[in-house]
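Order of writing sets the chain letters: A, B, C and D. Residues in each chain are counted from 1.
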Amino acid sequence: MSAVDVSPAEAISGEDFVAQYLTVRTTTERLAEPLSAEDQVIQSMDDVSPTKWHRAHVTWFFETFLLPRLDGYEADPTYGYLFNSYYEAVGERHPRPHRGLISRPSVDEVTDYRHRVDEAMIRLLETDVVDDPEFQDLLVLGLNHEQQHQELLLMDIKHVLSSTILQAPYRSSNAPSARFQSAESAPLTWSEFEGGILPVGHDGSGFAFDNEGPRHDVLLRPYRLANRLVTNGDWLEFIADGGYDRAEHWLSDGWHHINRTGWRHPMYWSQSVESDHESWIQYTLDGPVALRLDEPVVHVSYYEADAYARWAGARLPTEFEWESATTSQPVTGNLLPSSNLHPMPAEPEDGLQQLFGDVWEWTASPYVAYPGFAPAPGAVGEYNGKFMIDQQVLRGGCAVTPGGHIRPTYRNFFPAKARWHFGGLRLANDQ
Amino acid sequence: MSAVDVSPAEAISGEDFVAQYLTVRTTTERLAEPLSAEDQVIQSMDDVSPTKWHRAHVTWFFETFLLPRLDGYEADPTYGYLFNSYYEAVGERHPRPHRGLISRPSVDEVTDYRHRVDEAMIRLLETDVVDDPEFQDLLVLGLNHEQQHQELLLMDIKHVLSSTILQAPYRSSNAPSARFQSAESAPLTWSEFEGGILPVGHDGSGFAFDNEGPRHDVLLRPYRLANRLVTNGDWLEFIADGGYDRAEHWLSDGWHHINRTGWRHPMYWSQSVESDHESWIQYTLDGPVALRLDEPVVHVSYYEADAYARWAGARLPTEFEWESATTSQPVTGNLLPSSNLHPMPAEPEDGLQQLFGDVWEWTASPYVAYPGFAPAPGAVGEYNGKFMIDQQVLRGGCAVTPGGHIRPTYRNFFPAKARWHFGGLRLANDQ
Amino acid sequence: MSAVDVSPAEAISGEDFVAQYLTVRTTTERLAEPLSAEDQVIQSMDDVSPTKWHRAHVTWFFETFLLPRLDGYEADPTYGYLFNSYYEAVGERHPRPHRGLISRPSVDEVTDYRHRVDEAMIRLLETDVVDDPEFQDLLVLGLNHEQQHQELLLMDIKHVLSSTILQAPYRSSNAPSARFQSAESAPLTWSEFEGGILPVGHDGSGFAFDNEGPRHDVLLRPYRLANRLVTNGDWLEFIADGGYDRAEHWLSDGWHHINRTGWRHPMYWSQSVESDHESWIQYTLDGPVALRLDEPVVHVSYYEADAYARWAGARLPTEFEWESATTSQPVTGNLLPSSNLHPMPAEPEDGLQQLFGDVWEWTASPYVAYPGFAPAPGAVGEYNGKFMIDQQVLRGGCAVTPGGHIRPTYRNFFPAKARWHFGGLRLANDQ
Amino acid sequence: MSAVDVSPAEAISGEDFVAQYLTVRTTTERLAEPLSAEDQVIQSMDDVSPTKWHRAHVTWFFETFLLPRLDGYEADPTYGYLFNSYYEAVGERHPRPHRGLISRPSVDEVTDYRHRVDEAMIRLLETDVVDDPEFQDLLVLGLNHEQQHQELLLMDIKHVLSSTILQAPYRSSNAPSARFQSAESAPLTWSEFEGGILPVGHDGSGFAFDNEGPRHDVLLRPYRLANRLVTNGDWLEFIADGGYDRAEHWLSDGWHHINRTGWRHPMYWSQSVESDHESWIQYTLDGPVALRLDEPVVHVSYYEADAYARWAGARLPTEFEWESATTSQPVTGNLLPSSNLHPMPAEPEDGLQQLFGDVWEWTASPYVAYPGFAPAPGAVGEYNGKFMIDQQVLRGGCAVTPGGHIRPTYRNFFPAKARWHFGGLRLANDQ
């Protein structure tokens, strides 16, 4: 089997809804292609969903919110129960921690379900319902929703496959052979920003999630951002300097958490018997590889990112510092279409590197509503607002984020202890 | 797909080891046949193992304890790690509660593994190593071990398939259509036994597990045993009389357990909206069926069995009362070969009914060593002795016990709160 | 015993350190006076500390951070271990959830300990070390620290005494007889604010905790604040309208939390058998009393405050909206010196009522560092910064906050699920 | 304060009920005498009850089961709620794990409660109700019940006082100075017993708990019992030989338990920095003392006792082997009246030593009903029978068992993992 090589998908826009629909739907199936039926069933922790469940849930979204407009279409209420994620307004649902108990429908039946819904959606997209702006909004939301789950599917299957001693790769690939460990990290330099009263949030052109607006002004003081992400090499220095052993670097909750869990390095790292730094192994979607020093560190919690920044005499940027610095930059980077499925070293170039793709960058900003934010009425209003407590904002996308699914205003969010979602960091500081 | 119809297997004995080996091994594969790859991967609670794991683990047993005698055979240490159950002397192993994370080896690879070991075993069984009594003992132990897991496989898959709203049947079958609910339970009568100094335990002819010996005398007072098992109809009377609501019937641990868990009826029972007793539904390996009153109650915990007996003015038999009454009875009954996979009503005949098969009968006896018991040296000595604490003995086999795998001296054991293992009860009393 | 009637303490300032020291120390002892030795030992949940522990811990603070400057003073390391709260830099400590196991030192020995430290402190305060600004800072911090614990002592003992069916009052008092339930809440009106670029944070004159600075500008949009706090009468309407039963009002975490815990009303409320609203009973520090409708609701979590605001078509204020509106208001209200120990109804007057005292007002602001914030070096730097994750800011003090221990810039913080700390709410809205 | 020196109480019998009553009641108060109010309130784990609770609960027993016969006596239902232990038939009760939250009634009020009940009991005992055999039975049960709690009071307060770094002694005493560590254990020899059909259980003369009957015959094979208890010196050899590190010695549940808890030595042992065996410290009711090698090991779980016996090539006795060997022995030993509060070395004499007192001896027998056992009707029937699951029988009393409160037929019982109850062991073997 050849490596997953997702063709460069464009941002979802324009009027050819059928083509857009098929592009997104096909990408999901290509991502699932390397996985056996067994791989697709397993839920390795409460936060993870089985591949099969992702494939069915995104389909259920179209069936539930769009297909009621198609005459004669009838949905199976059992699927509605099994594949609703958290939409309280839509009704009861299968408990999230038990998604790994869903042996049936089988993987093949889920494939059939996808075909059935696709066929109905194509029929619907050929009617004049597509001229209804409300329908268009829901359709584009459904496509972006499926792209979010493409990213989650890869984050989740990485966790599943890492959970036994087999440490099986997600795909067969010759990628790892190209990796080596000797390279030094590019020098860390700082870009300076003036601050001031600056607009943030989505301006309304093109798709955005509700939590990206309303656009509004924020007041920023002068600040600096590091040109590149923190690397594995940087992180080894932190470890060597007792980073995980000294309470002074840590938030109180973080200190208790690392002591309760025994965390002493990023997730997916392990050490072979040799005592020097060359002995570190990192599990990737291509299987275990030697840790490369110049790659961005990934799979660290907010607790760890924050402790590292404090140790380094710096801090994490706020989400608005990040957004203001990024808003005029080209939205390109090491995303899913590049097919690396792993962060890559920074180029030795001037200016801000690695803004989009590679790793989701933890920010110092708790996830709260923007001034004037109001969720949409009805079930889709449950999309974002109800999660606005005890989470931190991350920005910029990562190596498994679909092409076209990232922008300067995009706000991702995870709890401070989460690690499986390709989180990393960039340093900031006051001027 | 037709119903699983396991051909009547004979007791494992005689000299044709190859034929015995193939019979047992084939039965396992027939039991797994109705199950998809997805079904075979899931672990629905810590006590349950995935079908795929059962199939591989029993194979690992032969590979680990017998195939070292075959020149040139090499075992895969990864499989040794994944499929060792609890043999500390053999080495580290995959944690039991995480058996549901083993996506790979795939179901097909496990099938290949079974073929590989079978082929090696057949080769080995054609050498003169089979003349070695120690080898014979291990071989027969391996076959009995696999039969135990056949029973567990069915107990476990029942739990797995019951775990979602689909309530999927294990097999497609016309069996349920033959069931109805109107029949009355056969009248309960008592058989009387004199007691005295009586021998119990295995006498050494034919196979037995180590925990069935040494054979020794016990002193029994006169006692009575009910002619039949307690039925669903009996149980509904217990419920109607507030059986689950009155502390006076219950062991203290049991009372706390049913209040913590909310148990108010046997496992796998549910009620539809109607208010009378006809509304009870029971999940079986053939899917949900209306509760039949004259069938033995099954899937009750020791706590419930004990409370029922106290409520009924009776008690549970000790394991020796049961064994002494049973020792001269024919070892026939509703076992796996009858293909019901569910307990059946008692025949309206005189004398003790339903002794073998139908349900494992909870006894009042904690699971302890017989006088003079000593485990075998080495890893196989871990088979039984190390579990002799905080478990109750059950006797007689059940509807999913393989033919030939039950005898009057057979001691099964489960913790007092266990319910998924086809446990039921027969009343006893003093004279 | 007469009611606790704490004399109006002034803000801690001026140069008479001995007088200030004695005022604060005496207040603590007066608060403990109504409590028996038994009362002072109990820890009713992990968040609660025993009264005895509070009394010893605040003493330990002076002993640890100030008395090293007194020649010849020797601290008992055992006390250092038992009564350190969370200062990692100071060394190992007794585990927080086990503070209720400290039978010894006895209450009398803790009283002796307080006397011993007081005597040493007075001696120290009579030396010229008091001219050292660093010493002054630590002393004032120690006094403010003790005042925080005065408040906590009352919050905690309320929880302790509520934990058995005795529902014992903290003090004997004739206060409850003055309470009745018939009064209507004052009408809710709105005060309007223009917003703009506004300074927030402490300006450096007088004491403030480190988390109140640096002073900096924030950008606020026009907003409105309710003239009074949300009342018990308001809350009963929320309950009657299914407030606790409809997911649409709740944050996702909050919805799960109230369903897991069964919360259906504020903490310390209970219902007698009558069915109308007059049947509600509220446990107070004066024992159980009938719920008075015009009193501010108190002991609600952030989850509940946020859900109420959404149900009411409003929102919670940000901490900066609250501070900007409050900064020019007189710092008076129903605080500890008024000796009510319970929130009081709003006066029927114009303008913002109940800003200081009564209840800590939940704000929509997560607890984060102000721009440029840096903790002090050394152990006292652990005071605030390390708790800046997954907490919400509350403002304004409550009925058990010591006089002089509140100001417009004061930032209190608790996790979203906390309820025992006298939290309530005031509505806000956009203009 | 001088050492607790409980006067030698005689077995509760004869007709002078007032004297017996006062003896038992006074002993309880003497045991509580060294304890402050603070000491008496604390519950250091779910299994432990506060001293104050013990003192009130045993009083409640008399009030509930006997004082209803006294005209005009009125019980406080609040006390009934707080101090009922587990009698379901008597009504609702305060949750067991929250006994440490009962600050009120105070220790002094509990003393008053005891006086109030005592005065009423004395009045009642002077009426002719004492001629009623049923009354006599309940009275004697109440006295034995209080003696059980005297033992528990000491077991529990030992746990409470050990729970902080203070390791405070229960009493001031010069006892520890008499202890030294150099002595060798007496040689281990075996006493042989023929077995046969032997009577066990109480014969009806004098008081016994219901679980000691009915008297019945058991069939025993020839067996041997060690002359003395296993000592600390023996245990150090077990540790040195990797006793806690080798799965082969352990029950499966025990192996998991010691690995989950980290147990590597008996409870209350700790090691100072020196590396040889002289460095072991043992917490006793007289505070920490150097471990004495010839003293019986105490505070081991059944898991540990069973593992030790297997390691030593022996086994634990059954309760009937123990009882048959003991039935003709004098009931004397190191019990509470000897005032040691700690097990003592065996005398260098022939024959079975240390049968009564010193440590409760774990037996291989699960705690089950004797043939024909039926609990008494009503609430007192809840005394023993409802605990007959998942517990092991212990025999012989310990150093804190009241004088007269032990006999050959006495059956104590604890779960396999319990350690705080002065459990130790004597080896047995087949002949």
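Throughout what follows, contacts are C-beta pairs under 8 Å (C-beta built on N, C-alpha and C of every residue); 3 or more make two chains touch, one makes a residue touch a chain.
Model, not experiment: these values are computed from the prediction.
Enquirer: Just to be sure I understand the contacts, which chains border both chain D and chain C?
Expert: For chain C paired with chain D, there are no chains in contact with each.
Enquirer: According to the touch definition, list the chains common to the neighbour sets of chain B and chain D.
Expert: Expected: no chain.
Enquirer: Where among A-C, B-D or A-B does the C-D interface show up again, with more than half of the contact pairs the same?
Expert: Comparing residue numbers across A-C, B-D or A-B, the repeat of C-D turns out to be A-B.
Enquirer: Measuring between Cα centroids, which chain is at the maximum distance from chain C?
Expert: B
Enquirer: Whole-Å distance, chain A centre to chain B centre, using C-alpha means?
Expert: 46
Enquirer: Need the CA-centroid distance for the pair chain A / chain D, whole Å please.
Expert: Taking the mean C-alpha position of each chain, the two centres sit 59 Å apart.
Enquirer: Roughly how far is chain A from chain C, going centre to centre by Cα mean, in whole Å?
Expert: 39
Enquirer: Which positions in chain C touch two or more other chains at once?
Expert: There are none in chain C.
Enquirer: How is the touch graph of the chains shaped: line, ring, star, complete or other?
Expert: The chain contacts form a single closed ring, each chain touching exactly two others.
Enquirer: Got a list of which chains touch which?
Expert: Taking the chains two at a time, the touching pairs are A-B, A-C, B-D, C-D.
Enquirer: With touch defined as at the start, can you tell me which chain B residues reach chain A in the complex?
Expert: 36-42, 44, 52, 78, 81-82, 94, 98, 100-104, 106-107, 160-161, 163-166, 168
Enquirer: Which part of chain C faces chain A closely enough to touch in the complex?
Expert: 86, 88-89, 197, 216-219, 221, 247-248, 250-255, 302-303, 306, 364-366, 368-369, 371-372, 386-390, 416, 430
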